[in-house]
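The structure's right below; bear with me while I get my questions together.
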Amino acid sequence: MTLIAESGYEFWNPIIWLITFAVVMVIVYFFRKRGVEKYKKGEDQTKIFLCGEEVPGAEQRQVRGGNVYWGFFETLKEYYDGIVRLHTGIVNDYVVWFVAVMAISAIILLIVKLVG
Amino acid sequence: MIETLIRNFPLVAAVVLMGIGLYILIFKRNLIKIVMGITILSSSVNLFLVTLGYRTGGIAPIYTDAPEGLMVLPVVQALTLTNIVIAVATSALILSLVIRIYRHTGSLDSKKSRRMKG
Amino acid sequence: MSKIVRTVANQLMLFVLVFGLYVIMHGHVTPGGGFQGGAVIASGVVMLIVAFGSGQIKKSLRERRLSLVESSGALLFILVAFAGIGTVFFYNFLVGSRIFGGIPPTGSNPGDVWTGGVIPLMNLGVGLKVIAGLSAAVLALALFSSGEEME
Amino acid sequence: MATLIEHSSILIIAVPLLIAFLTPLIGMASKKARNAVVIVGLSFVAFLVFALARDVILNGIHTYTLGATSPSLTIPEGAMMPIRIILEVDGVSVFMGIVVAIVSLVAVVYSLSSMKGETGQNRFYTLLLLMVAGAFGMVFTGDLFNLFVFLEITSISGAALVAFKTRFADSQEGGFKYIVVSAVASLMVLFAISLLYAQYNLLNIGALAAAMQYTMLDRIALVILIAAFAMKLGGVPMHMWLSDTYSVAPVSITVLLITVSQASMYALMRIGFILYGVTLDLAVVGWIIIAIGILSMFIGVTMAVRQTDITRLIAYNCVCESGFMLVGFGVGLAVLGNHTALRTYGTTAISGAIFHMINHALFEGLLFLVAGAIFYRIGTRDLNRMGGLGHTMKFTAAFFLLGALASSGLPPFNGFASKILIYESVYQFNPVLTIIGILVSIITLAVFVKAFFSAFTGAVLPKYEDIKEVPKTMIAAMTIFAVIIIIFGLFPGLIVDWIVRPATDALVDQASYINTIMGAIP
């Protein structure tokens, strides 16, 4: 079957995957259908409830991109402090890294030649 | 040892020039000096290439009224010429960018022209 | 600049042009070629800019004309390359023909301009492109530093 | 047709050059005619690329000798070695050619409306076509010096295009960084080439590969070439220019810059697999490339999570995806000398990396086009100032979701198809690499969830209430990418069989590359 990208142990066929996915979706829909239908559009049921307080406007409700994953960055603060300090944005430092990579790989190759 | 060094003096000079060019690129923060560093780097490669084709006592590889004798290798000279042309284009472009950066930021310091970082 | 400088620059420009065109058209028999000759003429333009100021030169060297010359030079080059495609791209199809078709004798000889096949034509194309391109670049840089803009 | 295919490899490079110099002349007369000429020309080039790809895959390596009396005459009579510029097109080259052809066509279609209203559009199209010609030249040439020249063409035109919008300070700075980094990298490439020329008197890749001794100077040249091309493709720790440049360029240029980076990756692989081949210390060089790849994956993705600028976020994701390819190629290179390992998992790793190259160009291209569409409408790239755009820009949101899922390697999209090839083969080489890869993929998903969430979801912000969908040509350009992504995702087996396997076979088959050039001479 040409649709299979074989790779040693497993195979990957998106068509079979899609069929399986569709079957699972049908089953899920079946279970969902058996639930209780109480949802009505346009009533108080669908409005935002904030402990009776007045709901702020869209600008205030929006979670800003910079605030997403706050805890993740807080946990990895040390890693990020170190890694951001390396990204100086100065063009001279870019050349430094280039020369450093050249030097390190040259040393590695030299050691390999001397040892082997 | 010394004799080899003297015989290969142009090659040594090319490597020294390359070191100077990289030094400027690494340690000099002035944008115009960075352009100079690139030009020096380019010259070092040119010197290296031309030296490769040199034969002791060789003459220019032009047949017009050429005397008898060895000619130097013309291929590397063609390569050098191409590199010179490219270097002219690069430095013209880079200088115009430097002028524009100066217009926007009012500074020629590479430490100050970093709106983008992190 | 003073009147003396302007007059001398004016007179010298003729010689610069002649020498530049000589270097371009003799690129296949003597040292030189399209880029070198073009650079000579562009340096003449630099001389004029120094003498007359970039604002004055901007009026006589229009950007539109420069870009026309530059594009037609490049087009000449690539069309000559395309013309050989009956055999191979870049094929020197003019060898043996009447235009630049002579074959130089081997060994030491005084050189013949009427040789080289397509190479003089390509030199001409490159020369036109370099004249226009370098002049435009130098003029743009000069205008930049005096605070104006190329249109 | 046969003549056309015989000359197609040079026509693919020369036609964009011809149109590049025609556009200023036509553009003076009429803008519409210029746009039509550019699009028709690039479509013709794309057609030639596909015809050439079919021919190369069916009939083997295609050579073209410039200026000789016959295109296939690689070594002139009476000479012992090739002296002319020779184009040598094998499976990998046409694969890269297909990538460049698709992406350049999409970039031009997108530019039609995204660059509308900018001054100096004639120059824009000239530079764009020069860049396309340079990218084609880099992947088709069989000559090291020619490779350097085309590398410089792409660098110079690319830098001019990055800085094209002169009114923005940050794009000037991005262009400056790009040209400085490119100039240093390409000058060092030329130095390495001259080191090789000094020893062998050769510039042709095939002829050099036949003569390769792997002396000390060759090692120095190898180190310089690896570092320079790794810098051009944005491998960590030399990736910092990439996020600065990609984020500020006009997006139609950014998608081309991606293919130029891919062409640098191609050049690195050409040097590793063909030029040096089995003479290398394979394990060491392979591990150096794997190390750059692992660093790129990890640092790229962790930096991407942090970004609040949407194009910068995608640019760091590019660094991360390049890491996957480097790991695949590195594993392939490390086991090149070991036939059983190469057959059991080495070729699969290379196939995965090659397949990921085209997928990367497609989905990162789509994501950048979406980011450009947002910038076109609301005039900012800052995620902190976006929100609720999905209500009005429905197509754009859908395209972003598609690109994001493909990039994160979720089934059934094309990113998954290539990543699973890399995972499975790399697992047999070293399981730790696969574990890092899967972890990185998960964080990639988190990156795009963040971007999608803060840009498209939420209530409609009052200031963006009257934002409309982007113009039709921009939608068309994004649709081309999206359709190809879905096709590649649904039928990965066909794509792998048609273009990826021939490319893999060409990359590991050094002997036939040499024999095509050296032919008669044993």
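Labels for the chains are A, B, C and D, by order of writing; each one numbers its residues from 1.
Quick note on the criterion: a residue touches a chain if its C-beta (ideal position, glycine included) is under 8 Å from a C-beta of that chain, and two chains touch if they have at least 3 such contacts.
What you see is a predicted model; the values in this text were computed from it and never measured.
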A-D against B-C, pair bridged by the larger set of C-beta contacts: A-D
Cα-centroid distance, chain A relative to chain C, in whole angstrom: 55
Averaged-CA centre spacing for the pair chain C and chain B, given as whole angstrom: 24
Inter-centroid spacing, chain D versus chain C (mean Cα positions, whole Å): 35
Per-residue multi-chain contacts in chain A, two or more chains: 84, 87-89, 91, 95
Residues of chain C whose C-beta touches two or more other chains: none
Where chain B touches two or more other chains, by residue: 25, 34, 100, 114-116, 118
Pairwise touch network: line, ring, star, complete, or other: other
Contact footprint of chain D on chain C as seen in their complex: 64, 67-68, 70-72, 74-75, 78-79, 81-82, 84-85, 87-92
Chain A partner contacts - residues on chain B that touch it in the complex: 22, 25-29, 34, 110-111, 114-118
Touching residues on chain B, where the partner in the complex is chain D: 18, 25, 31, 34, 38, 41-42, 44-45, 48-49, 52, 76, 79, 82-83, 86, 89-90, 93-94, 97-98, 100-101, 104-105, 113-116, 118
In the complex, chain A residues that touch chain D: 1-5, 7-10, 12-15, 17-18, 21, 57-59, 61-66, 68-69, 72-73, 76, 79-80, 83-84, 86-89, 91, 93-95, 97-98, 100-102, 105-106, 108-110, 112-113, 116
Chain D to chain B touching residues, read off their complex: 145, 149, 152, 155-156, 159-160, 163, 166, 169-170, 172-176, 179-180, 183-184, 187, 190-191, 194, 197-198, 243-244, 247-248, 303, 306, 312
